[in-house]
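One structure, pasted below without further comment.
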Amino acid sequence: MSESLREILDLQLFWEFRTVLLRGLAVNFYVFIAAAVLALSLGLGAALLRNSRAAPLRWLGTLHVEIFRNAPDYVMVVWVHFVLPLLIGVVLHSRFEFNPFVSAMIALGFVYSGYFAETFRAGIEAIPAGHLEAARSLGIGEGLILRRIILPQVVRSMLPESINQFISLFKATTIVSLIAVPDLMYQVSMITQQQMRPLPLYTGAAITYFVIVLVAGSSLRVLADRWRARIRA
Amino acid sequence: MIRVVDVHKRFGTLEVLKGVSFDVHRGSVVSMIGASGSGKSTLLRCINHLEVPSAGDIFVDGESLCFRGAADGDRRPRSLAEINRIRRDLGIVFQQFNLWPHMTVLGNVTEAPQRVRGMSRKAAIELGEACLDRVHLRDKAHEYPARLSGGQQQRVAIARALAMQPKVMLFDEPTSSLDPELTDEVLAVMRELAEDGTTMIVVTHEMGFARDVSDQVMFLHNGLIEEEGPPAQLFGAPRSERLRQFVSKHVA
Amino acid sequence: MNNWERLVWNQRDALLAGLQVTIEVCFISFACAIVGGLVLCLVRMYVRPLRPVATFLIEFFRATPILVQLLWVNYAWPEIFGWPTSFYQAACTALALQSSGYLAETFRGGIEAVPRGQREAAFAVGMSPLLVFRRIILPQVLLGSAPAIVNQFTVIVKSSTLVSVITVQDLMFQSQKIVNIAYEPIEILTATAALYIAFIYVVSMIGKLLADRLRRSYGIAAH
């Protein structure tokens, strides 16, 4: 066992391939950013839909949220990558393919839009009705109300929960390795097949994510607390 | 029955009790009054060891609550098990009721008799229902505390304390958390207990109760007993100036 | 015979077998996660010398992605510890570890949320600390955490979709096998996705009902 421990702590191999692995990690970040942007916009849209006065729009928003919040990440990624292009191809009468990066972005973006929609909804409902009534009776238009009253308060109150969801999304990007996107875990698998030494690489990957999540998580939370304290409602 | 001897209590650098001594005889009702911060709650909580005195001792029926005499004549602090044994004879009713929300009313009342005194379920239920009778809540036995009003919850708390058949009942500002309309039902139950001969020590702001029901009243100020005696004396002819001011402020 | 019949309905035996494996793995991992979470939580809160170890483990299991944990447990652990000895064991272990981390924190929040007065009332009637924990604290923690615990089950179900990567023959594995043979993914993958979504939706509805029931009966707010 001690030989294996030495092997596991021998992160030399991890260090040796650091450029390739770092490039893989960067791919994780790219996917994360792209998916996050999509998830935020769709999530906000769905939350607003659920808040609207028209019943069919509310229903649509709820449908979106219930489907995507309950969908497993991996299943969605596989479906978007293998099934969606075929469906689009049928419509376009031609063969259609997704770049795996795009599949990942779409799949993760939609799934996490479900979580963000719930977060935003909680934030919107937390706004005292009085604020909105006051704004409307002053004649302020809906668009302006959204931008100047709803959004700032939602962002402020839901920031901690959103940070947790961003971190989950970042962790979820490891799935893209399974559809041949050259992210960190993909590179790890490639090198493992070559070198036949899984221990240091998988351990290194685990430690890398641990460090990133811990550091990013705490710093984001500290920044968020400071920012929220500064704009005390 | 209860003897408090020179009890001091310090929290960090703040000395809340500065040497309090008094006796409570069997069957008597003692009220403790005083301004907030005078130490009355702390003193009450020392009596059943929820706070540990920094100095001094408390005797329950002649037995020291804080120390036990060892074979070599030395005194050693009591173990938790021994303290718990003595605690069984001291019932306490808290300002915040502190009922256990995941148990029914009857469950709350029978929990300690079963688990601590080892009574059988049947016997505990009989006892529990009798105690609920005394506080006039027998019909709520199978409700959960969340469904009851504040006054009802406090009466259940009283029944829970009574179920352990304690020698003394301690009350820590039992009506301070209640709306005025609900206070009376709790005070009525306490009055009945007093008439039944229960030994009671009551920390309260309800001067009416202190004056009408107690045998003895203690006025605490700044961690010391400023004045003590029968209610007629403390309320009718207060000796200290502070007490005079306190009484005129609090008695309508 | 259309594709739906050919690819999905006629394969239902294989799919059901896969579903059974999925459900087994999920329940085993779930049970282990609850026990593991409780142990980690109690060690972290009450066993002072082991506190940093427990805290580190909790944070480690929460911070690493489930795929990384699956691969790590499956490929690295046998060399270090000589265990797990099967892919199935590795899958259950990894899923359980991840959820123990989250549940440990949930339980900790629950324990700290029990008002101090309730402990005092219990001590005041002479209950020992062990009795207080067993009869007063633990029931409330489990009741109050029930929605979060049910939610963690949905997390396990979602994470279980990845165990096909270490060749555990769950529902995803069976679906992908059919796709590899038939080269026609639309019906089978859509059916699989719909099945997972429906299952998880039902579980989350149960969680929501639980939360409502708790609040109404006991006045305990879910946390």
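Here the chain labels run A, B and C in written order, and each chain numbers its own residues starting at 1.
Here is the rule we use: a residue touches a chain if its C-beta (ideal position, glycine included) is under 8 Å from a C-beta of that chain, and two chains touch if they have at least 3 such contacts.
Not measured: the values here are computed from a predicted model.
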Q | Distance-to-centre winner among chains (Cα means, whole assembly as reference) | A | C
Q. Counting only C-beta pairs in contact, which pair of chains has the most of them?
A. A-C
Q) If you average the Cα atoms per chain, which one ends up farthest from subunit C? A) B
Q | Cα-centroid distance, subunit A relative to subunit C, in whole angstrom | A | 21
Q | Where subunit A and subunit B are represented by their mean Cα positions, the distance between them in whole Å | A | 56
Q | Cα-centroid distance, subunit B relative to subunit C, in whole angstrom | A | 46
Q: Give every residue of subunit B touching subunit C within the complex, in rising order.
A: 48, 50, 80-81, 84-85, 87-88, 90-92, 94, 96-102, 111-112, 115-116, 144-146, 157, 160-161, 164
Q. Within the complex, which stretch of subunit A touches subunit C?
A. 1, 4-5, 7-8, 66-67, 69-76, 78-79, 82-83, 86-87, 171-172, 174-175, 177-178, 185, 192, 198-199, 202-203, 205-206, 209-210, 213-214, 217
Q: Going by the contact rule at the top, pick out the subunit C residues touching subunit A in the complex.
A: 59-60, 62-69, 71-72, 75-76, 79-82, 154, 157-159, 161-162, 165, 172, 176, 179, 185-186, 189-190, 192-193, 196-197, 200-201, 204
Q) Can you name the residues of subunit C that touch subunit B in the complex? A) 115, 117-118, 120-129, 131, 135-136, 139-140, 143, 217-220
